[in-house]
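Submitted below is the structure of interest, expressed as structure tokens.
Should a chain be cited, it is by its letter among A, B and C, assigned in written order, with residues numbered from 1 in that chain.
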């Protein structure tokens, strides 16, 4: 046992990961006990599941932005794919005798696979591009996914599935039909409510996947590409393979978040509010404010930024304004050469100040 | 006949995209950054014109001039405060995220000042309708003015870049910042001038756009902004004629897609065009190839 | 009978950028265990030659053979796998990663476990990671970097960054090591130390080395053969002293 403790003490990465997991579990226990004690208001209860899917979104986006080092502005598109996977699946099976939990669990696996597939498909063209181009193309893909899901009509009858882009009136359907997606009206009649426990389990799974990935041969290869693509190639790293891998896993996890999101709704629609690039950018704000590349930072920033506007009405109307200012300020303070020089000077001053004190 | 009038509408929308794309392409060519907030400067320009015409009841010409002046100042301010400190940071990611932050900031300031409700923009253009083919095709004043504006701006800008000293400085800076500096060109001034011109064009685009499509809110500029970037990439980023061709083609594609395929999916089609262009010809129709030095 | 096949055999290697022939009819033969210097004035095409050898550029003409295997036109990553590792003129480290991780990335293709094993933390993960750590630490010790193993690479002093880059290249277990101006930016003391290190790794790892260098002291001190490039052409080639006394070489360096 003491050997185990020693091995944790000597491994800083492991320590840091354990803190992250501990944080999530403590947060879960606090929320659950507050809910059990009846202290939690209804609006707060609604927030619990939001914490979960936003954390999964932020952590998975951080995998692309912070670890792979490419800016994706279409992350909400993968969430959309996950959400619609669940929506369609739940709608089609709603008359069957599968339990809701079973539907949710199967949807989670399906959504992870389908979102990963789309991530892979989109990754092929996207990851050949660099920087701004990559960002704008991911944005384009996100918008396409949002647009297509928002204008698709799918119905089912005894002849099978029917698709249309113009409306259900276009389809020749039996009297005994089931409209699955009703275009912009989306998927209606879903059972809302996913348990916070399931959400927390998914958050923990996400963290395990991402953190274990980072601290491995694969993660090192991905970060090597981020830090210096040319050197990575010269060192024998298969750049395309590892870029794809990171991007696909990131997409897959966003699909899982989508299931959680859709599972908490009774009507699922695809609009610019929930799956547009503004959502992708909001998740990006969580990632940036938590610290690009810092997984724990993403978790903390998400919790604070989801909670804050709900708790402080005053903050709510200025929320986006404050985000914007903080975003700009953080970038300038962290990246501008003069701000960096100033910071280093201050750190040295504090350090030397300490030394002087010690000498005395 | 309806095809022809769709084409004319496409040309008009494309002209707006071209004017916005010019701003993108110039800034990209010189500062090597995607100014994500460019679309929101359009929105600011439209709000300024709206306030002067609808709220203060002043002459539309005053409105347009004021919009241009304010947007020019705003563009230079943004460049100075948000982008300049990051110019030598060596992180394109940081610059892009900052630009997204500026975009966010402008949208939310507009939301606080003007509220979330969509305003009806009163057209500033009072040119008569042109009727062709016995009235089978009507071209609105907005359409003809937009197309004419685009042509005038294109010619003026091409002359400016090729003939004036400041324009030549821009070309030099876009080729090689360091070398331009050594040749005694004021690089910071040139970049600021580029932002100024781009933002002035955005103001014009904002007024023209809202005269044709009168609903105005804080997000009015973002989608046309992104599409104009698509147009700039389509034409070849950094190229002025490229911005014109890309903008007009994109406008026509969008209107035709709306008319003949699906109005819901027209945006998706525009974005699909971007993806195809970048796959087939990553440097756009008129762009140059850039290679990384090892 | 001893194997007399050269380790690297380059014939008639050329590349044009537009109309400019940056490297023209470049020939070089390096035998196993040799320490070979590639010198020449600025812009002579030395780094371009390296980029051709490592697949960064595709040659317009010519053949590159490594240990008998034709590697002409192959991708950088495959050339690395075939056995050429390099360093860069302007140091290219994985800056945000630790010194240890930089070397472990060099070990990437020699130690394998699946991504799934990493995510699920299967026994193979722990076993292979342990082996990788040991191997990496061994290498770091050679370069006297073991104490800095957990430091971020960008926090190393300049001279040590150069060393780390060499360590990373060696970690890929190459047959041929290319060093692009390893002494650039070093003071005489550091250069002296570097010369010792290069001699040492040559013995320790039985390594064949081709290096680009401007520092004539370094070149004449450790290289036994030289090739001089000028305007993309090979000006002279052969044993170091012979080449350095060649009047054409002296003219190219000192002007007329």
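Quick note on the criterion: contacts are C-beta pairs under 8 Å (C-beta built on N, C-alpha and C of every residue); 3 or more make two chains touch, one makes a residue touch a chain.
Note that the structure is predicted; figures quoted are calculated from it, not measured.
Chemist: When A-B is set beside A-C, which has more C-beta pairs in contact?
Modeler: A-B
Chemist: Centre of all protein Cα atoms: which chain's centre is nearest to it?
Modeler: A
Chemist: Centre-to-centre on C-alpha atoms, which chain is most distant from chain B?
Modeler: Farthest chain from chain B, going by C-alpha centroids: C.
Chemist: For chain B and chain C, what's the span in angstrom between their mean Cα positions?
Modeler: A distance of 48 Å separates the two centres.
Chemist: Can you work out the whole-Å distance between the CA centroids of chain A and chain B?
Modeler: It comes to 32 Å between the two C-alpha centres.
Chemist: Indicate the whole-number Å distance between the mean C-alpha point of chain A and the mean C-alpha point of chain C.
Modeler: The separation of the two C-alpha centroids amounts to 41 Å.
Chemist: Name the residues of chain A that each touch 2 or more other chains.
Modeler: 230
Chemist: Mark out which residues of chain B touch at least two other chains, giving numbers and ranges.
Modeler: Residues 294.
Chemist: On chain C, where are the residues touching two or more other chains?
Modeler: Within chain C, residues 56, 88 contact more than one other chain.
Chemist: Show me the residue ranges of chain A that touch chain B in the complex, using the header's touch definition.
Modeler: 65, 69, 71, 125, 128-129, 131-133, 135-137, 139-141, 143-144, 147-148, 150-151, 165-166, 183-184, 230, 277, 281, 284-285, 288, 292, 317-318, 320-321, 323-325, 327-328, 331-332, 334-339
Chemist: Give every residue of chain B touching chain A within the complex, in rising order.
Modeler: 28, 33-34, 82, 85-86, 88-89, 91-98, 100-102, 104-105, 107-109, 111-112, 226, 229-230, 233, 262, 264-265, 267-268, 271-272, 274-275, 278-279, 282, 292, 294
Chemist: If we count contacts the way the header does, which residues on chain A are in touch with chain C in the complex?
Modeler: Result: residues 12, 208-209, 212-213, 215-221, 223-224, 226-228, 230-239, 245, 293 of chain A touch chain C.
Chemist: Can you list the residues on chain C that touch chain A in the complex?
Modeler: 54, 56, 75-77, 80-81, 85-86, 88, 92-97, 101, 104-106, 108-109, 111-113, 115, 118-121, 125, 128-129, 132, 150, 168-169, 172
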